[in-house]
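When the chains are written out, they are named A, B, C and D in that same order, and each has its own residue count from 1.
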Amino acid sequence: MDTAKEPRIKLGMVGGGRDAFIGAVHRIAARMDDHYQLVAGAFSSTEEKSLASAKDLGIAEDRAYGDYTEMAKREARIKNGIEAVAIVTPNHMHYPVAREFLKRGIHVICDKPLTSTMADAKRLAKSAESSGALFALTHNYTGYPMVRQARDMIRSGSLGKIRVIQVEYAQDWLSTKLEETGQKQAGWRTDPERSGAGGSIGDIGTHALNLATFVTGHKPESLCADLDSFVDGRQLDDNAHILLRYNDGVKGMLWSSQVAPGNENALRLRVYGTDGGLEWAQEDPNYLWHTPLGEPKRLLTRNGSGANDAATSVSRIPPGHPEGYLEGFANIYTDVAQAIIARRSDDKAKGEYLFPTIHDGLAGMAFVNAAVNSSKRGGAWVKLEF
Amino acid sequence: MDTAKEPRIKLGMVGGGRDAFIGAVHRIAARMDDHYQLVAGAFSSTEEKSLASAKDLGIAEDRAYGDYTEMAKREARIKNGIEAVAIVTPNHMHYPVAREFLKRGIHVICDKPLTSTMADAKRLAKSAESSGALFALTHNYTGYPMVRQARDMIRSGSLGKIRVIQVEYAQDWLSTKLEETGQKQAGWRTDPERSGAGGSIGDIGTHALNLATFVTGHKPESLCADLDSFVDGRQLDDNAHILLRYNDGVKGMLWSSQVAPGNENALRLRVYGTDGGLEWAQEDPNYLWHTPLGEPKRLLTRNGSGANDAATSVSRIPPGHPEGYLEGFANIYTDVAQAIIARRSDDKAKGEYLFPTIHDGLAGMAFVNAAVNSSKRGGAWVKLEF
Amino acid sequence: MDTAKEPRIKLGMVGGGRDAFIGAVHRIAARMDDHYQLVAGAFSSTEEKSLASAKDLGIAEDRAYGDYTEMAKREARIKNGIEAVAIVTPNHMHYPVAREFLKRGIHVICDKPLTSTMADAKRLAKSAESSGALFALTHNYTGYPMVRQARDMIRSGSLGKIRVIQVEYAQDWLSTKLEETGQKQAGWRTDPERSGAGGSIGDIGTHALNLATFVTGHKPESLCADLDSFVDGRQLDDNAHILLRYNDGVKGMLWSSQVAPGNENALRLRVYGTDGGLEWAQEDPNYLWHTPLGEPKRLLTRNGSGANDAATSVSRIPPGHPEGYLEGFANIYTDVAQAIIARRSDDKAKGEYLFPTIHDGLAGMAFVNAAVNSSKRGGAWVKLEF
Amino acid sequence: MDTAKEPRIKLGMVGGGRDAFIGAVHRIAARMDDHYQLVAGAFSSTEEKSLASAKDLGIAEDRAYGDYTEMAKREARIKNGIEAVAIVTPNHMHYPVAREFLKRGIHVICDKPLTSTMADAKRLAKSAESSGALFALTHNYTGYPMVRQARDMIRSGSLGKIRVIQVEYAQDWLSTKLEETGQKQAGWRTDPERSGAGGSIGDIGTHALNLATFVTGHKPESLCADLDSFVDGRQLDDNAHILLRYNDGVKGMLWSSQVAPGNENALRLRVYGTDGGLEWAQEDPNYLWHTPLGEPKRLLTRNGSGANDAATSVSRIPPGHPEGYLEGFANIYTDVAQAIIARRSDDKAKGEYLFPTIHDGLAGMAFVNAAVNSSKRGGAWVKLEF
């Protein structure tokens, strides 16, 4: 993963100040393969706090901003201004922030879900399309090597025709009313104003669906959802049971929960086709079960015997030395870096990007909307539209 | 499990001739704890074949029957005739056979599902109710010690209020059109005439639901089902995706599949409540995960540290020496034996039986019916009624 | 496992009265496949206690003995006397009891280890050789289907030339001074008078070594042992660390412990050759890892894809329905039954028996002796001799 | 892990040019938490190759050296010269390189094992002692959070008095004569000139022993070793079986192998005491089994319920999001960074460092020497001395 170096990409960040969780993750991910250099940020909504964070991070004082619009304007103008920005704010701020950078041709790497409303999502899609800049959405689980391997195996026909997709993402951290304790993460994630209409389905269900579609290539066409807010007084769902019908007659189930004690980040995908199956679990990401029909199960390992190019090309170390969440996240950053570097010499450079894009974001919003509508209508079947 | 002995129960069997699978299982289960003695049988539909099986099994020639009605009549009449009969025929024969024995006061141990139609199921329920004899249905998975432990823990409040029930039973043996190869098991299990309206849901989905209700005590009230026959030309479902609403606001999902490569008998139950969770898998039955909220996960072992009476009372050997499917099945037989022995001295003897009864059979039939109806109506929500 | 029946073998038992553990295991094992009928016993050392046990077990009063010599004499004389006897006493009684039955031509199924001293072991070997009767030793772990599969794979060359054998058997039940609490099992197993010179090495180390030699076919030639009695005042070892040199340059390690908290019956074998490896664990006995060099790991399942005849011929039920300790134990009993039945028509009938014999018993005694001697000499290398 | 920032530590590297494996690992580890900035290097033994690597890594041309002595001299002299150097050469070069930097007060982070000979090791120890600079050895497995947790639990008495330590490190990559194929890693690791007297014991056995002593605090006093070179013509051991006697009567076994098919980097530690046990495996590093005697097993997770400060203080992300090998390695770099930063203001600053030091290196050399001597003497018991 040390590759002949282009000059590092100058990166800015919006959000991610002290106490934020995901900002630090983005920073490590950007640093991992040494393609980026963090040089500017509007880390918080006041200049003072933003400056404190900048200082922590070794960023020059004059590149710390209290206002993201000002940051976009100035960075677009100055010499050696940022080429890309990471947006790690709560969901409702994704659109207004991204717009400012996109319209100035600055590439955007945005946390998921895309926005808090479908209306914003569509506006953002327009911004992204009309911009010359790239837009990447950090559905980071698609960066895991064995997820890449699974996708490649299905594309090359290892499973035959797909029949069934089982995907789930279970957590337990919202089993009690944590949002009342002042816990910041719990606060905004259970607040419709900042998160949007989806609770668990927006926060983690979209990851699950994105993983299923990334790996299998099948698109959900309709769903039937039973959403619950098991914790008294919670406004957004904390548990979702969903049946899915994908194109080509593929059927699926999806479970997302934040009230399942004993589950930390239990994202798990199982795919079954006419010729075999695949099983992968995020908490044990260096392994992929392949179950060819009528043969013994095989445990494929990252970079080990049976690994394919799709996996080894995004692995850093030998098999048996585990890579984890941060490495998978970094793979998204590195994919984006390669696309950005290609744009340097050819501003129309295109490719089939493996990193998630605006399209994945819209699909996620359509999923959340459909699920909420289905549940409101008593669990009726609803089409996914965007 | 060697207990002070009452005289062994004289047992007969209908079905279970050469090449049948489940008959041999019932025989080993009956033998395990030495409460039964197999002395008579109508093992096949012709006297000649039945006699051959009887000979294999060391049963006297004059206790081999070609006709179950004749068997019921004669065994009820002779000295030392059978006290109980095991019925291990295809589903459509459960009712007519059971009726003959029940009306003569002979206890019935019947394989699941109850019958092939709801009409037969209701008739059989009447037969059972009007009979003085016991009726047991071999939803054998409820006999596993750690399943008993799970039930007991939930009853005693270890999980707090239950919120979510995830249950699934996946197999792969019908991934291809095995029924066309002459394989006997595949033949009748995919034939609506002999199996009834449910394919995978009748054969294994009923086991999954029975396990969920046995362990949690919650009853399903309505469901929404998406059934598929993925193998071309198959008449019954081979994959079922189901959302469930249980009483008291408990929500669940149920997946049954016979087309999921790599799954042998992957029956798995996960239950989550306000205070903790439990996870159990049939293929690894000596273990039970207990996940109290906010504490480390605990792996409870059969007869080991943390085992409760509900589990140890049905264990034969020390922890770390695995018991399996046959031992779990035998626990049902032993439960029934204890009830039969109690009846010997008091023919009204009652108790809360842990073994599954006619009620569980009716619930299973209601589940199959509801699922088939829901799926026919495009996945509408349907109530479970019986 | 229901096979065309010869008349059941009349079986007697010495030891195994109330509160004994292993007697009940032998009885279930004998019953499992319906080849035996328990008809006589000297279950305890007094006639009264023996009679009480006989009553529990449904055995005729006149076949309950307080004295094993009397039992041997009478059973050899009476019509329909026992053909075989199961000896389930503490170790020091194996020899005197077995001798009485062997010299009267009654087949012996004896619990392990062979005896409490090498002198007794050699005498017993002579008794067995001069007798026309069979002698089987219940190193029961060799009865597990996947152990049979492993042996067969190695014989047929799947692993190439063997290099390394890692075997261990860890328990925790003697972590404290349980023998002082009056616990009967702990009492005799830590008493050199009744157990012999080996503590953990005799009780479970012999199982581990027997498993290693059964599966690989390699014989230990010398060893170096470090034995400890970690619990204060305990006379026999409760932990043993041993290096082994087998024939043909194969090297091994063996660990036995009864003071390893968290280990119930953690018997585990790993074998590595030039072309691949195998790993098996008794607590998860239906699975066998096969790791062909340079290919993905494969998880072989009992009776599933990849199972060979050696495994399927001793399996009763389909893959995914676990068989356990009792079924493995029963496989030894069934192997012996087949040998006994062959002797009925041909009293010189021989075969290569898969069940453990006197030879395995002597090998086990030689192992215990060598380990004790090595440890006494500060961990010197000692040859195994018998 | 984003902490208020001191200026980044200027880091140099010796070794780690194109095609080297461990150099890239050190670079990612150094970058992870943003404490270091790689600014100089003698990446290869020729200036041309070193320059090519420097270019790849974005390092200024005038900081690329073909000679480590020149590098040490110049970097010690120039303004903003390196404060620390990472040495990632083959073993025999560790001493001469480290000496040059240590004598100029430049901190050294050195790959393990310490050197290729005990004589060099002692010289290096003297260099380190007489230098004002820090010396860290990257026994990186001690950086894993759950290893830190295990150490802390044992220190605080969770296991009571330790009795038994089982440790092993198995690989399969040298199962064939890979060194003859031109594979560079295999080449120097099997060459006594460059690696020293130990093959598998030097390369991975030292890691295993270091892990055992780090976690338990017990020191090995004597050992008995049986080393083999199973691959024909190989000069160094590729498999080692070792019995260990630690201080205070603790006993242990250690297995290192590079010829065990199916093992990638199977480093595994199990520790048992009077009150409980702990089990940890490097390939699944986010989990730690705790088995308190007489209670159910508990699965402790990184940063999850039951995690202690020793673990959480070196974790970056929430439980269920796995951290891996690179994060563990980075923890060593961050520990060293904190020590270096403390030295900036107080050049005598000391502390109990958690990172491995020269002492660990000497202990590893003593282990290799003792094992080689023991094996040469037929497996005699040998004291560990240094």
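Rule of thumb we're sticking to: contacts are C-beta pairs under 8 Å (C-beta built on N, C-alpha and C of every residue); 3 or more make two chains touch, one makes a residue touch a chain.
Because the structure is predicted, anything quoted here is derived from the model rather than measured.
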Each chain counted as touching chain B and chain C at once: A, D
Whole-Å separation of chain centres (CA-atom averages), chain A against chain D: 35
Centroid distance [mean C-alpha coordinates] between chain B and chain A, Å: 44
Computed distance of Cα centres, chain C from chain A, in Å: 56
Numbers and ranges of chain A residues touching at least 2 other chains: 263, 297, 301, 304
Category of the chain touch graph - line, ring, star, complete, other: complete
Complex contacts: residues of chain A adjacent to chain D: 1-5, 7-8, 21, 24-25, 27-28, 31-34, 55-58, 171, 263-266, 282-286, 301, 304, 316-327
Complex contact set, residues of chain B against chain D: 290, 294-301, 304-306
Complex interface listing, chain A residues touching chain B: 163-164, 166, 172, 175-176, 224, 226, 228, 230, 239, 241, 243, 245, 249, 251-253, 255, 257, 259-263, 270, 272-277, 279, 289, 291-293, 297, 378-379, 381
